[in-house]
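Below, chain A partners chain B and then partners chain C, in two separate complexes.
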Partner chain A sequence: MFKKEFYKFKDVYLLLVVLITSFLAYLAFSLKNMVQNFGALDTNLSFLFKKKFTFFHLDDMNLVFAFVIAVFVFFHERINGRLRLSLHFPHSSARNIGFIIMCGLLFVFFVYFVEIILLNIILGAVYAKEIMYVLNYSLAFNYVFGFLLYIFCCGFIIEPVKKRAIVNFIVMLGSIYLYYEINPDIYAFDSFYANDFGFYYMGIVALYALSAAFIAFDNYKRGYIK
Partner chain B sequence: MKILKIVYFGVFILFLALFLPRIIDTALSEAKKNPKVYFSENLNQFLIQGYDREAKKSYFLTESGDELSTEGFMQNLPFKFYSYLLAKGIFPDQYTDWANADKIRANSQILAIKPSFYNQKSIPLFTLLESKPKFLKLQFNNYGIRGKKDRIEFVNLETLKVDDALSQTYTDALKQSGFIFPLKCHYSNPTTRKVFDEGAFLQDKQNTIFHLKMINGKPLVKNTKIKNATIKKIIMNENQRKEFYGALIDDSGVKLISYDNYRLIPLPSRMYKPESMVYSLFITPLSRTVIININDKVEAYKLDNNYQILRNFSFPIENNNQWITNIKKYLLPFTLKKKDGYRHEYTLSDFSFLVLLANALFALLYLVVTFKRKVPILHFIIIGIFGIYGFIALCLY
Partner chain C sequence: MNAIECRNLSHSFGKNRIYEKLNFNVPRGKVVGLLGKNGVGKSTTINILMGNLEPTSGECLIFGEDSNNLSANTKSRIGLLYEGYVTYDYLKIKDLYKLYEKEYAARFKKELFFDLFKKLTVSENQKISTLSCGQRSQVILGLIFASDPDLLILDDYSLGLDTGYRRLFIDYLKKFIENKDKSVLMTTHIVNDLDELLDEIIIMRKGKEPLNIGYKKFRDTFRGFSLPRNTNLENIDGIESSFKLGDEMQIFGFFKKKPINAKELKLNLEDAFLGYTGRY
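Then we have the complex of A and B:
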């Protein structure tokens, strides 16, 4: 079953994994150069006092990754009319919808999980644990928003009512704006811990994204295809 | 499904309350150009430097309203524009004793507290510079210092290993001075671009402030006897005048921590909100002035040598965006906006009852839009409460 789902986005998934790996390697080599040129002390101090650190767009790449996988998952369902069948599997509606959403999401989760472990190995060798907390918090926030983007895609791709699909798309754009305001790259932070309350707001955004997704599936199932 | 729809609708209204006011502000508001106020020792008056939006040029005024030319403005602020005046040989004659850039610099000090600086939360890891460096040049040492439950820990930032011996030495020194662990906060000025180093101020469990310095690698700890549970920040400002270590900001305002046994010197700070206003203390060889940029005015205080207020002056700031504020008051029932502070904390604010008329109009408009359709009365109640937000949400729903 999982294998069948994977075929929906196999090529683009592998391509994006290669891209994320390249971004990760670039970050690792840049850090290595910085430590070689300036020393670990200066690397730590410049983080502490100048917020001199960047993920080199790895965080943006994570969001793009989740978004693209979601587009492939849900477009595939929508275009081939596959959804009409899967929504009528002999299970509860929530289980059917959950399966469609969760399959792709698990593949995204796997990449994020491996990435954060690798990043902790790479960055943890140089930065003090207080700094690692800031980095991990920012990354965790990034991953959670990646998941939300994935669910948002469901809200505007599956939704058959064009007006609502557009509204969901606009809310998604607003959420992206909000995300970058709360959790930009480290060097662009107004202050460390500026994203302290970020998870509360993402919780509210998650409520919207999940509601929009379930409403979209429900509308689709009812056959309101415009 | 009904609950999901309510959640969907509710969050969308919050979304509108966050973005609609921003869109209005971005589209309609004009950038503010705050005037600057200085004290002229020559004229014994405050001078104002501003920008005339219509004439598109800067203007210079005295406190009594007389206009000044750019040259006149500069000549009347000899301790601000001394480099230019000395280079041109037009430094005022009555201050010939001070006609030396180094001498002026050695007797001047500026302490500016900006929101961008105040609204910072630092990582709980700080450094101590060697206050008596061997080669006279200030340098960072290899250690970061973190507070633990019952000690401070020196972690070597090259190897990330804890130096137990050094940690113990400094912990013992602090304990002997009466420091109660854990360390609550640290305040320092972590830069090597200063004339000398005054170490760090540490706040202990009982909110007492201790002064910690590293001298020849060894700790020097002093109990300042400052005990204050409402300290928001201490801003260190090492200066060769050696009159004060820096400024302490607490609930009651701004105070200087003097070199005279850490005596606190209160400064005028009525109406001052550090999260959103700029506070400046200007010390020249002949004057001491405090300037506070408040939203709609600039408050200026001339102080004597003991920091007592001699007189004050207030200059209003023209608000070109008042009409936008009015529009929002009549159109938006509330807004969701970011509170001043280090983190992004959004709160519902600007509740307005003046929107009731607009809400009624939106309800009427909704009636027209949904003409000949069966609409539940709940929709009109929603528009009555949430106004434009409810109207947009219902139209798109």
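Then we have the complex of A and C:
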């Protein structure tokens, strides 16, 4: 079953992991250059007073990663109505559906997990604990939204009712806008605490995304139309 | 007890009514052919049976369970073939085999799969998407047979298959059901393949009551006659369809007696099927 899921996005997964690794390496080298040129203290101070820090779009890459993996996961089920086969495996429908969703999500989670550990090693060697908290907070928010984008894809790819699929897609676009309003790159923050309520907003988005995904599978099961 | 029971099944797609109050059973150990022209609702019925479509009204029971809410145990007893040999094309043959072997572990009979598979001159490492339609069908049917289902639902198994692969499939199916403990519901457009295989037959027609009849009875009682072209048909009872061909007219139906001046036609299953449903 794992193989069945992994093979849906194997090639693109490896490509995206290489891309994310490249982004990470670029970030690490930039930081190293900064420390060599200005020293660790100045690097910390420039973060505090000038907000001179960027993830160099690594956070955007994380979102693209989750989105693309989800598209591959759910489109492969949609093509030729393969989902009908997946739902017929001798388990409860909830388990069959849960496996399709969670398997891809687990692969996304694995990359995020390795990434945050590496980032903490790279950035933690330079930045003070308080700054690391801000960075980790921003990344955690980024990862949560990545998971949500993944779930959103289910809501418009699996959903057989066109109108609902379009609405889900529009809500997803609105959520992306909301995300970038709450959690822009560090240098664009109004303050370091601008995203204090971010998780609450994302909680509402999560509720919508999960409901849309659940309804999409339910609608599919009730009314598969070629 | 019946493997499948459909009661008062009606379905519409929007304003387009597919059928109304369809009733049929698939008794255990029997092979039932669900036949009809394109668009009469055969695949729709199969999708309803597999819980992928909720009927507008009525219900379908499979081994006594609502088809929309089958338990894991009942699912494991059903072998399903969707029209067009739908499968996970992006997998290699060996990966698809392992998937089925694991999912149907309690019932899986690998020798049944390899018996069919060894007839193909392909490697286990080949992707399903690179196989021809016939090869792909053998892999999928091999896996379905190997999962040893009590009920086989085959939606247009003959789609895209050449004569050789169709014959091979029929031979394996005959072997599979020889102990009379397996039930089969199948649809196809190559109806002659089903001769000697079917126990019962359901023929669906647009806007009309489906015919649900024992196969032998259908073959014995459904007849065709050739008549002079200008024959008045009003006095002949039981006509299901008729058409004119050159100087003659052919009529088909359940006739109680042979019409006057009529010459009986020798009908194979396809002729009888077309005679019942009518030609285009």
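Please note the rule applied: the second predicted complex is superposed on the first by the 222 of 226 C-alpha atoms of A that agree within 3 Å, B and C clash if a C-alpha of one lies under 4 Å from a C-alpha of the other, contacts with A are read in each partner's own complex, and residues count from 1 in each chain.
Assume a residue touches a chain if its C-beta (ideal position, glycine included) is under 8 Å from a C-beta of that chain, and two chains touch if they have at least 3 such contacts.
Computed from a predicted structure; not experimentally measured.
Peer 1: Would you mind checking which one, chain B or chain C, touches more residues on chain A?
Peer 2: Comparing chain B with chain C, the partner touching more chain A residues is B.
Peer 1: Classify the contacts of A:Val71 with the two partner chains as first (chain B alone), second (chain C alone), both, or neither.
Peer 2: Neither chain B nor chain C is touched by A:Val71.
Peer 1: Give one of first, second, both or neither to describe whether A:Ala40 is in contact with chain B, with chain C, with both, or with none.
Peer 2: first
Peer 1: In the superposed arrangement, does A:Gly223 touch chain B (first), chain C (second), both or neither?
Peer 2: second
Peer 1: Look at A:Ser92 in the shared chain and tell me whether it touches chain B only, chain C only, both, or neither; answer first, second, both or neither.
Peer 2: second
Peer 1: Once chain A of both complexes is superposed, is A:Lys4 in touch with chain B (first), chain C (second), both, or neither?
Peer 2: A:Lys4 contacts chain C only, not chain B.
Peer 1: Could you say whether A:Ile122 touches chain B, chain C, both of them, or neither, answering first, second, both or neither?
Peer 2: Neither chain B nor chain C is touched by A:Ile122.
Peer 1: Would you check which partner chain A:Arg84 touches, where first means chain B only, second means chain C only, and both and neither mean what they say?
Peer 2: A:Arg84 sits against chain C, while chain B stays out of touch.
Peer 1: Can you list the residues of chain A that meet both chain B and chain C?
Peer 2: none
Peer 1: Would you mind writing out the residues of chain B in touch with chain A in their complex?
Peer 2: Going through chain B, the ones touching chain A are 1, 4-5, 7-8, 11-12, 14-15, 18-19, 116, 119-125, 127, 140, 142, 144, 146, 155, 157-160, 190-191, 342-346, 396-397.
Peer 1: What residues of chain A sit close enough to touch chain C in their complex?
Peer 2: Chain A residues touching chain C: 1, 3-4, 7-8, 76, 80-82, 84-85, 87-92, 220-226.
Peer 1: Considering the complex alone, what residue numbers of chain A touch chain B?
Peer 2: Counting only chain A, the residues touching chain B are 39-41, 44-45, 48-49, 125, 128, 130-131, 134, 163-164, 167, 171, 174, 178, 181-182, 190-198, 201, 204-205, 207-208, 210-212, 214-215, 218.
Peer 1: Within their complex, state which residues of chain C touch chain A.
Peer 2: Interface residues on chain C, with respect to chain A: 13, 43, 47, 50-54, 68, 71-73, 75-76, 78, 80, 82, 84, 86-88, 90-91, 95, 98-99, 102-104.
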